[in-house]
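Note that the chains take the letters A, B, C and D in the order they are written out, and that residue 1 is the start of every chain.
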Amino acid sequence: MKLFEYQAKELFEQIEIPVPNRTFIKGLEGMAEAAGQIGFPCVLKAQVLQGGRGKAGLIKLVSNIEEASNQAESIFSKAKNMSGLLIEEAIQIEKELYVSITADPVTGKAMMMACSEGGMDIEEIAKDIPERIHKIYIDLSKGIQPYQVRGLLYEMGIDEKLIGQGTKILQDLYNVFRTYEAELVEINPLIVTKDGKLIAGDGKVSIDDNALFRHPQFKATEAYYENDAEYEAAEEGIPYIQFDGEIGLMCAGAGLTNTVFDLVNDYGGKVANYLEFGGPNYRKAKKAMDIMMKNDIKILLIVTFGTIARADVMAEGIVEAIKELNPPFPIVAAIRGTGEEKAHELLRSAGIEPLIDTEEAVKKAIALSGGVKQ
Amino acid sequence: MSIILDQFTRVLVQGITGKEGSFWTKHMIDYGTNVVAGVTPGREGQYAAGVPVFHTVERAVRNIPVDASLLFVPPRFAKEALFEALDAGIKKVVILCDGIPLHDALQMRKAAIDAGAMVIGGNTSGIISMGQAMMGFFPYWLERVYRPGRIGIMTRSGSLTNEVTAEVVRAGFGASSLIGIGGDPVPLTRFAEVLPLFQADPNTDAVVLIGELGGTMEEEVAEAIEKKIFTKPLVAFLGGRTAPKGKKMGHAGAIITAGKGTVQDKMLALRNAGALVAERPRQVGTLLESILTSKI
Amino acid sequence: MKLFEYQAKELFEQIEIPVPNRTFIKGLEGMAEAAGQIGFPCVLKAQVLQGGRGKAGLIKLVSNIEEASNQAESIFSKAKNMSGLLIEEAIQIEKELYVSITADPVTGKAMMMACSEGGMDIEEIAKDIPERIHKIYIDLSKGIQPYQVRGLLYEMGIDEKLIGQGTKILQDLYNVFRTYEAELVEINPLIVTKDGKLIAGDGKVSIDDNALFRHPQFKATEAYYENDAEYEAAEEGIPYIQFDGEIGLMCAGAGLTNTVFDLVNDYGGKVANYLEFGGPNYRKAKKAMDIMMKNDIKILLIVTFGTIARADVMAEGIVEAIKELNPPFPIVAAIRGTGEEKAHELLRSAGIEPLIDTEEAVKKAIALSGGVKQ
Amino acid sequence: MSIILDQFTRVLVQGITGKEGSFWTKHMIDYGTNVVAGVTPGREGQYAAGVPVFHTVERAVRNIPVDASLLFVPPRFAKEALFEALDAGIKKVVILCDGIPLHDALQMRKAAIDAGAMVIGGNTSGIISMGQAMMGFFPYWLERVYRPGRIGIMTRSGSLTNEVTAEVVRAGFGASSLIGIGGDPVPLTRFAEVLPLFQADPNTDAVVLIGELGGTMEEEVAEAIEKKIFTKPLVAFLGGRTAPKGKKMGHAGAIITAGKGTVQDKMLALRNAGALVAERPRQVGTLLESILTSKI
């Protein structure tokens, strides 16, 4: 679960990582007062989860109240899935650094990555100046050691005056990572101010969904999702991603769903969505169908090959969903695995010809969706 | 004709008295698995699926020699259950559950490395040595998938494994061992760590790798081939070739981040190392046919 | 630093280990009210640091207010170094268990020791029923694991109904051990009540002196020491223990002091005290002499053989102390090591014949103290 | 004619620019010790006692090969400094400071075991290989104590070591290596772990053990003798034979608890194993004379 910048900065502040003075507002009301409190110049930052806010015009430096009002209005009108606006003091920047912590699956340790050139995307950094990215690995059971952090800072060539502050901030960032069981924490840029202080210019925190039961304070609302269908699916625990094609996928198993996704693309079709109702969701065919119907699809392609996710149970759910929801699109189904004979009988009873072969099913769906696209 | 597990491997089941645990333990025994004991705190003295139950792993292994443990526990207890197994000296563990917290998984991976143990999972159906034994849940009654043979299979997926293995069987082959390393971002054993076992197994002629987007495990396999750690033929199929960046496509481990983890990169690395890479599941069978002369 | 029972129980309570209802009073005032609140029967327990309180008559079960007043008065008059009185509800005891945690120097782990027969001293348990003591070892970096505790409880043969409670209490006890960096935590007895609950009947916590800088809430007052001299020495960081002989030892180095202690005993002398002014205290000869003078000794025996604790510096301090404090006892000194030539000069200047040989010094001191004792 | 340390051992000093660190580093170099580098954060590029200083241990060892590290750090930083040395791959470490918190010491002991490193200390003067090199602070100019020879010495004490070693010298012998394992309750290397090194050293004819009350280290030595892990003559002297129970007699490690740790028990165990046990320091010399034919 990705947090918004304003939430990340709240966590930072609690754990004593320096952050700019700022106010978070949900709507345009109170804007003038908030900006006045922060003072000018200040920065307006749309609180959305996607990256590239600068380029999208969702971050604006403003130097008076009129400018602030105009820009805030423009941001609120432009941004989708915005949880609010962060109004933040403008920091005098000397230099920008990068630092993040993620999991390293090979060693089973946390990996802290830092670069003396921050501000840009880590992908760009990795491409342009990989030799300037420095890493340390932290054994969770031992915790982060000050000497590791000092070593990292010295490798980055940080000014001696900043070593003390930097050591504390990086240790605190690790505390954020551990305390909230994050999969990613990032400060980019970590700003060196003109007066020689370090301060978190931005903040990313992504909490591990599997650990949310231990952190009930984090609860994803609609603002966290790109659209209602994704939110609704997430509430049900059903993996669902929306695209702009015609063929709706309702498959079981992540690997198989990805494979069908590839096959549709290979054979010239266009995918309307990724939906998985296997694993623990194999009894949720009706709910899955309901979500599919929120999207404008031309054809529904169902492909499964289940073990515990029994074919007969899934087929039963699908037949029931068809009866109750009366979906407006045709259905192509290749349902295999445990109980497949019974599954096929059930499909036939609902007027669906059961297929055995995945490629055949994909091709049929593409044909029914209007044939190969350019 | 197998790795890690065979019909002699003495298997302990942690969480044996649970609904899933007892159901699949019966199936495992039916298939030929040598399940010797189970663990559920508070149930010592009872029997489940015909095997004696103990309060703790330590008490079980003190009474009955054990080679491997299978964990039927909810994800939030997986870490503790693994530590308990490792502490009792068990060197092979299979963890099935989906949803292990990431920070737990990191500590589990570290503990497994430190203990020199092979821990398979989580988020997997487990492992099966065809015709001999299984630890996990496999519909072994599906003959068009679960057929003994001489192809080693290792996979990050569940349903896709059935899909691909069915193609292996359709092409006239069968499997020696199938190792589900699981779909988590921190699998406790990595593809490249399974390869030496298949390399050493005289009953495995070739390996099929079923991978997907995310992580670097497929690249590590390419490296193992380049370094001649693995020299048998390897056929790979990877799902998610056309997946968009930055989206979690199903498995928590299946995400392209910071420009890393694309299937294109993985396919290129594998091809450069000399592996055969299938574009579609069907091709896995035809590629095997093209390189192997004797079937099964 | 050993804590009093009432402090240990406060720590237990904070960390949610069940403890009896109780009130701590410093003097006899408020006794009646306090006992009334707890109710009768209740137990009066002298808060002293030494063991064997029961046998010494410092713990009394009382069943009414008159008895309470009489016994409390008697306890207050009997006990030395008493910080106060704990008035505690009387628990209906079904069974008594033992549990403790200490450091295991061999493995570098914490060791939890438990026995199904509690109430008596661990020394007696170890002697009488060693086979019923069960142990688990806890890796501090991994922390205590519930399965370890369950395993321990099952080995003890604890009733299944108590496993849940017991697991929590033992984990919590480990948290006390770690949180306060204890060298020992002990619950003895851990009472199984008639109604099937576990409750800490007594509590011992000893905090590692070397870690006290991280736990400034613990501060030893005079009540923690057997006499004023020991308290004063402790305040200065000078190891000092008082005995009832004639020869005062003022030595440098723990091993050498112990050896001199043995030699005095071997040759028939009696030691008045153990005092070490080596290591970081080698400049504190005057303070050490001052402490010696609080005790009624017949002769002062000084033995050192220092490296960093320079002989000349120590001799200088001694000469200065003699001048300023004018001690009423003769002094025998064998001061060797770094700077010994200068040290010997200094001693001679103060009228003390410097000796080289430890045994010779010991024998001379015994002779001067009045010869061999029976 | 030494163990652990000789004149070729490349020594790093952590905390080299401190007052004690720089003072004793000069003495160490004067004595012949091959001090090659130092570490003090923020001082890289400077020199101390003539050797280059680095910000971190890792940066030091990347530039200069190091075999052993000596820690001149306050007790509250000892744990971190040790972890830093071990992380940089250093396998021999000497820690001098007195007052390491107990829970830190436990973690340090565990880390040393896991790393397969020999960590000596804390609360010690260090180690000295006579006439060759020293890590720590020894008044090597006192000829009546610090004389090269063929007797290995291992000790829990400081001043008592001078006392006893003077008796060894008075009897006409000298020392090969003197290992101060220190007076803490959790010494990071135990007597029994030093013995195999003295056993293997062709220049050590016999070992003098200087022990005291508390703990079980002397009993472990008795066990090592019984198990023939150590077969050379061993003479032991233990302080605190008449110490009362339950009192901390000086060293934190010197306490008799739960009936364990009495010097009587230790002396009995050593005698039963075949060691010679001196009642007084003077006897150490006479016992050595009684068993060894050639001196020095």
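Please note the rule applied: a contact is a pair of C-beta atoms (placed from the backbone, for glycine too) under 8 Å apart; a residue touches a chain by one contact, two chains touch by 3 or more.
Every value quoted in this text rests on a predicted model; they were computed, and no experiment measured them.
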item	value
Third chains touching both subunit D and subunit B	A, C
Taking each chain's C-alpha mean as its centre, the one farthest from subunit D	A
Higher-contact pair (C-beta pairs counted), C-D versus A-D	C-D
Whole-Å separation of chain centres (CA-atom averages), subunit A against subunit B	28
Distance from subunit C to subunit A - Cα centre to Cα centre, in angstrom	57
Sites on subunit B at which at least two other chains make contact	111
Residues within subunit C bordering two or more other chains	141-142
Overall pattern in which the protein chains touch one another (line/ring/star/complete/other)	other
Every chain pair in contact, whichever chains are involved	A-B, A-C, A-D, B-C, C-D
Of subunit A, residues touching subunit C in the complex	141-142
Residue numbers on subunit B that touch subunit A, as the complex places them	75-76, 98-113, 125, 137-139, 142, 155-163, 166, 183, 185-187, 190, 210, 212-213, 215-216, 239-244, 247-254, 258-259, 279-282
Subunit D partner contacts - residues on subunit A that touch it in the complex	142, 145-148, 150-151, 154, 160, 163
Complex contact set, residues of subunit C against subunit D	103-110, 122-123, 126-127, 139-141, 178, 181, 183, 208-211, 213-214, 239, 241, 243, 251-259, 261-263, 265-266, 274, 276, 278-280, 304-309, 336-338, 358-359
Subunit A partner contacts - residues on subunit D that touch it in the complex	41-42, 44, 55-59, 80-81, 83-84, 87, 111
